[in-house]
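Labels run A, B and C following the written order; every chain starts at residue 1.
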Amino acid sequence: MAFFRPASARDDAFFELLADSARHAVTAAELLTQLIAAPPADRAEMLPRLKNIEHEADEATHAIIHKVNSSFVTPFDHVDILELAAALDDCTDILESVGQHIVLYRMEGLMPDVTRQMDVIVRMAELTADAMPRLAGMKSLPEYWVEINRLENEGDVIYRTLLGDLFDGAVTDPIEVIKHKDIIERLEQGADAFEGVAHRVESIAIKES
Amino acid sequence: MAFFRPASARDDAFFELLADSARHAVTAAELLTQLIAAPPADRAEMLPRLKNIEHEADEATHAIIHKVNSSFVTPFDHVDILELAAALDDCTDILESVGQHIVLYRMEGLMPDVTRQMDVIVRMAELTADAMPRLAGMKSLPEYWVEINRLENEGDVIYRTLLGDLFDGAVTDPIEVIKHKDIIERLEQGADAFEGVAHRVESIAIKES
Amino acid sequence: MAFFRPASARDDAFFELLADSARHAVTAAELLTQLIAAPPADRAEMLPRLKNIEHEADEATHAIIHKVNSSFVTPFDHVDILELAAALDDCTDILESVGQHIVLYRMEGLMPDVTRQMDVIVRMAELTADAMPRLAGMKSLPEYWVEINRLENEGDVIYRTLLGDLFDGAVTDPIEVIKHKDIIERLEQGADAFEGVAHRVESIAIKES
């Protein structure tokens, strides 16, 4: 019932913090795209920036937790804000873990369609960051979650094609198969994490309508 | 306190939608059983039916979400209904993913005891579909969740035996080991997903008692 | 607002049950440490004790569920108590699964730094068991969750080093790589599970403050 609870200055701070968190996920997705495109020898030195973004996302999450703590009135349920913040944080965590594992595994070439998985994830991150401020007025949110669901399906098709190729002889060394499987599965989890954010937004919108 | 809130026509619609969703899980479990029993060359053409059931389960879940949305009075907490619907949807999603992966991995023979994992899952799905309408009167639900817990333990023993056999030389090609491990783990997650539904039913029953 | 809701005899029972559950996790962590240190041939006979602890933890969890059920007044939200109990139960479940898998996989030597993962987990379990009774007065809880977060980061560094070593030639047989990866990942999930408990305690403390 946003109409009866117009966004106050206090409310704006919540949406700004949620948008901050989502923007960290966008930056993480962009950094990971660059890391994947970089020569293998250059990847390790790109990790501290990715780790740093994950740390900033953690701080944004804690800022949200403390803001919920110190606010008697919040724009919607305390628990919903906390769960949405945690879901956003998951996205950045997973993206950071992908970068770490690519370096840990000392991977040389990645499967080419991994860049298509990343394109989907970058787009999901951007749409999520765009949607957070619109929570203030509960405006144009269905467009957001419908498109996120569509992208998740698109990512799922790419993931399944990659996995089929991987086990159809694209990679023959079993230890390399383990590594590639782990990376494409983590990216699939990343896409799922953004869909999880959209599900929470949909759930909040339903309660508020 | 079902006694003081007798199931109305409106309430019945909720239980019917939840039962619909559970029946999709039964159908998915039956289709997956057939897919596993089929000659490998025939499996790919069975996937569209499985995908279709997963899609119908998604639609049932969205129907529940919208029904919760449009109802001021619901038979129990909004959040509990949404989480129960999501838990039911997970079951069908996992079963569909098993079928997809068996085909993606181009698997020939599966380990024989996979059919025992499936027997447990089919039974869990049937018990779940039978229990959903009984939520209306909060009747005979402990029998349901006690039996689900027993089946989950039975499935766990089968899973552990399969995994022990797999690494005890039943399969020697490492890439084949990766595939079999993935399938039996996903089936174990399927059994866990049905237990997750039962936990939510138990939690609702506790609140209502 | 613990000040206005002093812990009554009834409340004490809740905190005692939660502490019971956490102490089961401590015992599971200690038994797993012993199992890992034991000669491989002696490990299988240590499993029933570990399984038994997991079973007792399940019973503690059900005792909490029934206590919540039968109590009109609880020291904090019903749902929060149930989720905290479930999160504690997860810790013991994961530790038991590690022991089971080490035996199922018939593992000989484990990677040496697995004992460092276990040291972190034992410490997390002890801190958790110490913290549960302090929920009664909401006292000294930030020290607990800050230290748990620090330990989780420490565990994460150990996990990543182990994984890097594993794929850097420490183990060359692909089937052995699969086993070691599974064990160190499960231990990492164990550390995450204790962090999950701390997050719930933090969330409860925020609501009550």
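Some points to look at:
Methods note: a contact is a pair of C-beta atoms (placed from the backbone, for glycine too) under 8 Å apart; a residue touches a chain by one contact, two chains touch by 3 or more.
What you see is a predicted model; the values in this text were computed from it and never measured.
Superposition of chain A on chain B using C-alpha atoms only gives a rotation of 120 degrees, nearest 5.
Judged by shared residue numbers over all numbers used at their interface, chain A and chain C contact each other through mostly different positions, with under half in common.
For the pair chain A and chain C, the distance between C-alpha centroids works out to 27 Å. Residues of chain B found to touch two or more other chains are 174, 178. Partner chain B is touched in their complex by these residues of chain C: 65, 68-69, 78, 82, 100-101, 104-106, 174-175, 178-179.
Those residues of chain C that touch chain A in the shared complex are 160, 163-164, 167-168, 174, 177-178, 181, 202-203, 206-207, 209.
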